[in-house]
Amino acid sequence: MDANTFLIQVLNGIQYGLLLFLVASGLTLILGIMGIINLAHGSFYMVGAYLAFSLSQHFGSLWLAMAGGVVLAVAIGLLLEWLLISRLYHRDHLYQVLLTYGLILMFEELRSVVFGDDVHGVAVPALLQTSIPLTETLSYPVYRLWMSAVCIALAIGMYLLIQKTRLGMMIRAGSTNREMVQSLGINIDLLYRLVFALGVALAAFAGMIAAPVASVFPGMGNQVLIVCFVVVVIGGIGSVKGAMLAAILIGLVDSFGKVLTLEVGGVRFLPELSGMMIYVLMAVVLLARPEGLFGKRG
Amino acid sequence: MADAVLRTERLTKHFGGLAAVNDVSLEFFTDQIHAVIGPNGAGKTTLASLLSGDLTCTSGRIFLDGEDIAGLSADRISQRGVGRSYQKTNIFLPFTVFENCRLAAQSRLPSSMRFTRPALRYDNVSQQALRALEEVGLEHRAQVTAATLSHGEQRQLEIAMTLATRPRILLLDEPLAGMGSEESARMVELLRSLKQAHAVLLVEHDMDAVFALADRLTVMVNGSVLESGFPELIRASAAVQEAYLGTEEGAA
Amino acid sequence: MRKVRVATIVLLGCLLALALLPLVAEKYYIQLFTKMMLMAIFAMSLDLLVGYTGLVSLGHAAFFGLAGYTLAFAAPQYEAANLWLSLPLAMAGSGLLALVIGALVLRTSGIYFIMVTLAFAQMVFFVFHDTKIGGGADGIYVYAKPVATIAGWEPFTLENHTHFYFVVLVLLVLVYAMLRMLLASLFGRVIVGIRVNEQRMRSLGYRTFRYKLVCFVIAGALAGMAGYFAAAQFGFVSPDTLGWHQSGGVLMMVILGGMGTLNGAILGAFAMMLLELGFQGLPVVGGVNIGKHWQLLMGGFIVCAVLLLPHGLLGLGRLASGWRRRPGGAADG
């Protein structure tokens, strides 16, 4: 592999990883803080992408679509939390899985009714349509760099929010001792609603910015969800740091897996089985550290 | 004197920067009740957990009949003859009293990977379970669901389950917790009868029971052993009085 | 004991009804009920994991689908495979996959376990979807139903839908009986104990990992049995057969019916399939083809069921007759 390809794969891998991080961080926060496993998290990613598609056609601008889309997605998220998710806090994970699975079915079918089953493309905003030359022979799309930059900015924003603000402190406290936080007079229901809305917003936003690159298609939500699960398992539940590390790792593994060739004993593992690589990675982590790289033991 | 059944050597357990159990060296002999007392947070339950394998120690050794068992999993340690009852009742609530004990007794079979013969047809196991229930005085409640037992009866069941595994050493963590005076008296008699053929570690707050039963006494404070030896001497010790017994009236 | 008698009578009644069905029903219904019985076997195998051992697996369809593929591979081109060879092969294959996956996923618990079972099942999905092994995303056909010839004698033929029906009915009864026996055995008591209080089981001296793994393998093999016949009946296997919609669907059956009861799994399987048919058959209302979008109704139903039926349909029945719900495995001396 030459240097150019290597560079491209590194950039692609990091960009994919950062996007994954955006979605996975919402999942791990909701999981770690609220103890809710939300299978429909991927559906919000899909909702974001489809909103980007339809609203950008409506407004003629992806920027406006993003703004409107995030607001809409958060509204949907808040509604769902208030109506349904809030009833799951004291239930077994099993019932959370089932209820959110039912939500997936509903989201998918609604999508089918409203948008149909075709694959759609979303145009990259005119502002970001150029490519930056990296080397003499190589250019890299600005939009992808912009995506990575946005993800990093949001990651920093999240870190500051959780570590440096009062709200963040309440969130961290609420994850370890719900009753205590309540008795301190903090409205834990509102807190949870905010966390959920934050998670949803991250997922939907990720879907929106990914739309021009990854296109908009049925099943995109489920696909990203499962990869996010792998991120959370490898990184450790509740650990945003772990999610970042795991996401980048997976992004790189996925990216390189697609271009490398690996043949063992006459059987070609790569690039044919590149989709499997991240699961192999997960298996390895499970063998060494079942609680994830940064997860809590026991 | 015969060798100690269970012996710890500089046993230590750190949680982060905190030493919950610090450099503890104790011995436990058969036909002897060795009580461990101390204020809340002294590390008594942590000590019991280290000995039963529910927790792994940070450093130090644990010898069972001369064999170093530190680091072994709880199930392996149980199979080597260590039985533990828990401070917070740790039984199978949806099962009957009998089934709780039967399951405990079943653990002594060489293997439970048997898929055809009904479990209730293993008569030895059932007998063992009933015997354990008789020892604690619960045999008349055998068919009752464990969740409906009174608190005292549940504590009795805790002990029965431990006995059903026929251990050589009993680690009893506050068996009298939450009991009224009549139940306590019964439990004290039961504990006294258990001394035979067992080595007993008794973690307790009830001082009357402790001084009625203990052959040896260890006082722990902040994870370390303050004093250890004959109960009467310890009772008279000024250091212990100051650290613990003096404030015992207010203790849980 | 009264409870047990009523339940037994109901069960026997259902068995009788199922046995008599082919005498009165048309081919379509016979085949429909065959499918429902196969899903019941699939659901029972998952109930063993979820309801009795407390292991919530979101990837159980991997074992179901793999068996279908095994059948497809075992059948020579356009010819039929031998039932007596290919069925054990398919079950062993699924069992082996369960052994490998189980050894990894059982190192986790709780939420992690749910996620990794899903992830590993997805990996199996990818193997079949992205490679040429099983025809890729297009799937693979099972052109002829397996033949049951043994030493020249053919006791029944699966090409005949009534024979197929009765074979599956017998299997349903056998699997049910086997699981009941299993749950009453030493192994079964350990499994149930693990679900109620695994930590206590370990401190009592049980090597709980082993028992969970064996249980996982048994459940996988039984799911394989169901998947084998499902593929034989449908004549086609695709990656979706291993996909997570399949896993989610069967989990729903177990919960809906009432987990930890075995009877609930059977009830749930029948109920879910009838529900699916019902939704699909809904008419066109106001220009909208509701039937086509039955998954929306199914999703809504699932959401409502979780919120309103905490113990599934069986729980509803028990409530109605004033029984207290007993979780799977409460022993009665």
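Observations on the structure shown:
Labels A, B and C are assigned to the chains in the order they are written; within every chain, residues are numbered from 1.
One rule holds in what follows: contacts are C-beta pairs under 8 Å (C-beta built on N, C-alpha and C of every residue); 3 or more make two chains touch, one makes a residue touch a chain.
Fair warning: this is a prediction, and the values are worked out from it, not measured in the lab.
The minimum number of touch steps separating subunit A from subunit B is 2. A simple rule picks the central chain: find each chain's mean C-alpha point, then take the one closest to the mean of all protein C-alpha atoms, which gives C. Centroid distances from subunit B, each centroid being the mean of CA atoms, peak for A. If you average the Cα atoms of subunit A and of subunit B, the two centres end up 48 Å apart. Taking each chain's centre as the average of its CA atoms, subunit B and subunit C sit 44 Å apart. In terms of their C-alpha centroids, the spacing between subunit A and subunit C amounts to 32 Å.
Subunit C meets subunit A in the complex at residues 50, 56, 58, 104-105, 107-108, 110-112, 114-116, 118-120, 122-123, 126-127, 129-131, 244, 248, 251-252, 255, 288, 293, 295-296, 298-303, 305-307, 310. Remark: subunit C residues 181-182, 184-190, 193, 196-197, 199-208, 210-211, 214, 326-327, 329-333 touch subunit B in the complex.
Across the complex, subunit A meets subunit C through its residues 31, 37, 84, 87, 91, 93-95, 97-99, 101-110, 112-113, 222, 226, 229-230, 232-233, 237, 272-273, 275-276, 279, 282-283, 286-287, 290-292. Note for the complex: subunit B touches subunit C at residues 52-54, 73-75, 78-79, 84, 90-96, 98-99, 102-104, 106-109, 112-120, 122, 142-143, 145, 161, 165.
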